[in-house]
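My structure is below; once you've seen it, I'll send some questions.
Letters A, B and C mark the chains in the order given here, with residues in each chain numbered from 1 onward.
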Amino acid sequence: MLAFIGRRSLIAIPTVILISVFVFALQKLLPGDPVLVMAGEERDPAVLEYLREQYRLNDPIPVQYMIWVGNALQGDLGISLRTNQPVLALIAQKLPVTLQLAVMALVIAVVIGVPAGVLSAYKKGTWIDWLANVVALSGLSVPNFWLGIMLILLVSVKLGWLPASGYQPFSDDPLQSIRTMLMPAFVLGTGIAATLMRHTRSAMLSVLKSDYIRTARAKGLAEHVVLIKHALRNALVPIVTVTTLLFGELLAGAVLTEQIFTIPGFGKLVVDAVFNRDYAVVQGIVLCTGIAFIFMNLLADVAYRILNPRMRDK
Amino acid sequence: MALKKNLALALAFGLAATALQAQDMRIGLQEDPDVLDPDQSRTFVGRIVYAALCDKLVDISPGLEIVPMLATGWEWSSDGLQLTMTLRDGVTFHDGTPFNAAAVVANIDRSQNLPESRRKSELSSVTGVEAVDDLTVRFTLGAPDATLIAQLADRAGMMISPTAAAAAGVDFGANPVCSGPFSFVERIQQDRIVLTRFADYWNADAIKLESVTFLPIPDTTVRLANLRAGDLDMLERLAATDAASVRGDADLSIAQATSLGYQGITINVANGERANSPIGQDARVRQALSVAIDRDVINQVVFEGAFAAGNQAYPPTSPWYNAAYPVPARDVDAARALLAEAGYPDGIDITVQVANNPVQQQLMQVIQAMAGEAGIRITLEAKEFATLLSEQTAGNFIGSQVGWSGRVDPDGNIHQFMTTDGGLNDSGYSNAEVDRLLNEARTSNDIATRRALYTQASDILMADMPIIYLYHQVWIWALDSGIEGFVPYPDGMIRLQGVSMTQ
Amino acid sequence: MSTLTADPRRAAAEVLPQRRSRIWRKFRANRAALLGGVIVGFFVLIALLAPLLPIPAPTATDWGAVRKAPSSAHWFGTDEIGRDVLSRMVWGGQASLMAGVVSVAIAVFLGVPLGILAGYLRGWTDAAISRVTEAMLAAPFLILAIALAAFLGPSLTNAMIAIGLSAMPIFIRLARAQTMAVMTEDYVESARAVGLRHGPMIWRYILPNIFPPILVQATLTIATAIIAEASLSFLGLGQQPPAPSWGSMLNVAKNFLEQAPWMALYPGAAIFLVVLGFNLLGDGLRDALDPRDH
């Protein structure tokens, strides 16, 4: 298993290089001069030119790329054109925020999605199946931003239960932190929960029809043992794969959710950075997300192997 | 001894913390400010933060007169080449550095010579600054400049601590040190900027809040929801369409002021190849578009009547407005006649680029429908603002819907846009007479002379029409009804002097 | 696959026609799936018939009737510049359905072949495809979409391309995983043992077996894509005015929730219904297509 992890980590290197090249290609495709966007209403040509020199925007792209890679390897991701803050410091500031949102959303999604999927598959064709499906469908059919605004209007404005926006660091005040993050995590989690429920249901249905489940039942094992130990364990393979794949969806969802609830995380940082052509920030974030994603993939592959022994020989 | 001191400190902090919770004012901003260095700053929203953080040499009144702030008095030499300012005594910066003539000299030097400084053009007329004595400073100008005093009422006149500036250099914005009523505590980008009351402020009696927190919340609906939920005490730039509902809410109140800026359609008349369009080449076509638009209906439909219809660089209420050209009534027949006269009896097709935000798109869709009835068929090109700006500078547009946030001095709304070498002249307009009039208007400190010059210039501009002005935004603030003493200013800033909160 | 004879080729040939009629029978018996089909069919029909319906033009403005509540003149009320919401709903349905179907078509037709190749050939092909997939997945889809929209200019077409490309990795990975799973099945291994060539192998064994999960994913993704178009519109990057889509209608309506809730109600309901329809349909198809169900 260790050798496998090592091999996979080596394989990840070209992926990281691909990502960095991709990000760099993207920035040249984007129209809009970052320095001009920064200038806003004040465009002193001498200052603009000075800044272009300062940020080496006049250099050829390969040169810019090599400089960036060189600095990045030394842990320097450059500074934000907009606020002059180091990109690495910005990322360090935002990472815990989005991580907290993502973890809370994933917890909500798993707690709702997996049991609902198991139950719905087990009770296939009954009203429970139907209800679980309707709830899942509702979660899938409501656009995130719509649900967010509706919840703010209902929960914050009309009922006054939870704050409409803002962010409290977990280390400052854990309870308040969870309170402010509850609505965004719910909004982000519902869509994921619905997807998870449907995949769990699909996987469980397939497994429940298989021969060995019939064998297990024929052996007279208790129903919950069959369901949990035999069926769910085997259904976990696709469920784990989907959950890992949902990591990307979680990040994408966080982009919108953070916009609505004005949560100062990754998503908000990157959207503002793209709109403002704050390239150093975009590059830094995409690189970090990329590495995080690769790590998640590695985790999924490891889980895949543990759960599905047949794969080990391949 | 040390223990006692620490205990006293701890107690003082404890007390301050309690009071802080009670008197923290939370203000919702539409955008996240950029770098908090007055010399490098570029955004409107950044200036709102400076109003609480950094005092200026002079300020403006709600009626746009220049009033004392850090300078208590000023005097022009008869030739208009020297400005002598008397400074306020006993002012200190947040770090304890005293404010004096030497500090002013250092500030002007930084604004002019820091490579990253955006204030260079605003201070381009200043050739020297000297400390006459500790509290007197003299500006020497290369040519008379009527706009200078208004520049000193904005970021160019903001005084930062020379000690902190020397130590931090270009990174001053990470921990700004000024002399305003509140000092900097922390900033979490895109989340909050926290300022706390500066105990040694020269006008401390006017400051009734313990701290102020600025929270950028871009979505107008969410910003208002936060105010309603009590998570904000105040917000800037309320959507005009929400004004009626806020007025009907007993827990909230509204304040408003007509802005100094404008919104319009810039037409490419001579900026590269794309100027070769019927509307770029013939002023009559531009006039036809202007008269095809019903500005009052725009104001009613898009802004529920809350904004001000306009057709010049200044709102009709401004002393600089040319009364000979009132806001035109819509006249479709006149528009068609102008088109026919220009040789386009069957109408024309044009494209207009517009920023992809709902309000500007709503505006352009209304104009599209109106112009269509007069035979001007508009195709809208929605663009991200960054792209729109680049295309506009590069001349890659026929029409472009943009605006200007406005300046106190009339020069700021027109000179850069209409003079041949103007830094913001994206339409490519060039007229020797307009250049002469606008340059001359800069040099006089006499209001009547200046007004006559601006009127002459606008007589020409109203015929040539490189920018079709549409309306003037009205700043609308929504406040918790417990807030007292807030005075709206046409520059859209939030001045916290005299503002108090009851919970 | 109920029977397994010594020659897998013949088995497949025999079983398929039989399965087709059984699938249709099972599908018809599934009322929920039929309902989904009816809902989707209804909206597709309305969208196709838009030019023939007795409704005002979706861009016809009326300054005297701005944000008016539903009435006999305007069944669904009017919008922020006095246009008929019903008419914009009908025409907007075209854009939203297109956004869903076209972007998923892009994702499936690019993603599935790549996924099968990777899972089937393994080795270097798999490594290359997987690396690119991972690199693509690593950029969250909205960032890719925002960047693409900024590059190409915000429009419905570019939103569809962006959504399609960003959904592609899911199909690559799913097709790859399924292919790999199918390859470990005994009957595939025996087919390989008798020397079946790659083409027929993929066509007869891989494709039919990975089809159900792909179909389930595609149905879910059409639904997601319709919402994604709305989300891009939320950032101003979807359908551009004056042309309507449900997403862009919602985007504008969010500014008038209090004053004109009907502007939000109908597009919201339409998105909900169509997504529901696609999901019901997909579920029904999934159950009907499940090869292990006898």
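Here, contacts are C-beta pairs under 8 Å (C-beta built on N, C-alpha and C of every residue); 3 or more make two chains touch, one makes a residue touch a chain.
Note that the structure is predicted; figures quoted are calculated from it, not measured.
Greatest Cα centroid separation from subunit B: this falls to C.
Among the chains in view, A has its Cα centre nearest the centre of the complete protein Cα set. Subunit B and subunit C, compared by their mean Cα positions, are separated by 46 Å.
With centres set at the average Cα position, the gap from subunit A to subunit B is 38 Å. Averaging C-alpha coordinates per chain places the centre of subunit A 21 Å away from that of subunit C.
Shared interface positions of subunit B, i.e. residues touching 2 or more other chains, are given as 221, 384, 386-387. Residue numbers of subunit A whose C-beta contacts span two or more other chains: 31-32, 149, 153, 259, 275. Touching two or more other chains at once are residues 150, 254, 257 of subunit C.
Put simply, subunit B touches subunit A in their complex at residues 32, 34-35, 37, 40, 42-44, 115-118, 120-121, 170-171, 173-174, 188-192, 215-219, 221-222, 225-226, 228-231, 384-387, 389-391, 393, 404-405, 423-424.
The part of subunit C that touches subunit B in the complex is made up of residues 59, 61, 63, 66, 80-82, 149-150, 153-155, 236-237, 240-242, 251-252, 254-259. Of all residues in subunit A, those touching subunit B in their complex are 31-33, 36-47, 50-51, 54, 82-85, 90, 93, 149, 152-153, 156-157, 160, 163-167, 259-264, 268-269, 272, 275-277. The residues of subunit C lying in touch with subunit A in their complex are 32, 127, 131-132, 134-135, 137-143, 146-147, 150-151, 166, 169-170, 173, 177, 180, 184, 213, 216, 220, 223-224, 227, 230-231, 234-235, 247, 250, 254, 257, 264, 268, 271-273, 275-276, 279-280, 283, 286, 290, 292-293.
Subunit B contributes residues 220-221, 239, 241-242, 244-245, 297, 300-302, 356-358, 361-362, 364-366, 368-369, 380-384, 386-387 to its touches with subunit C in the complex.
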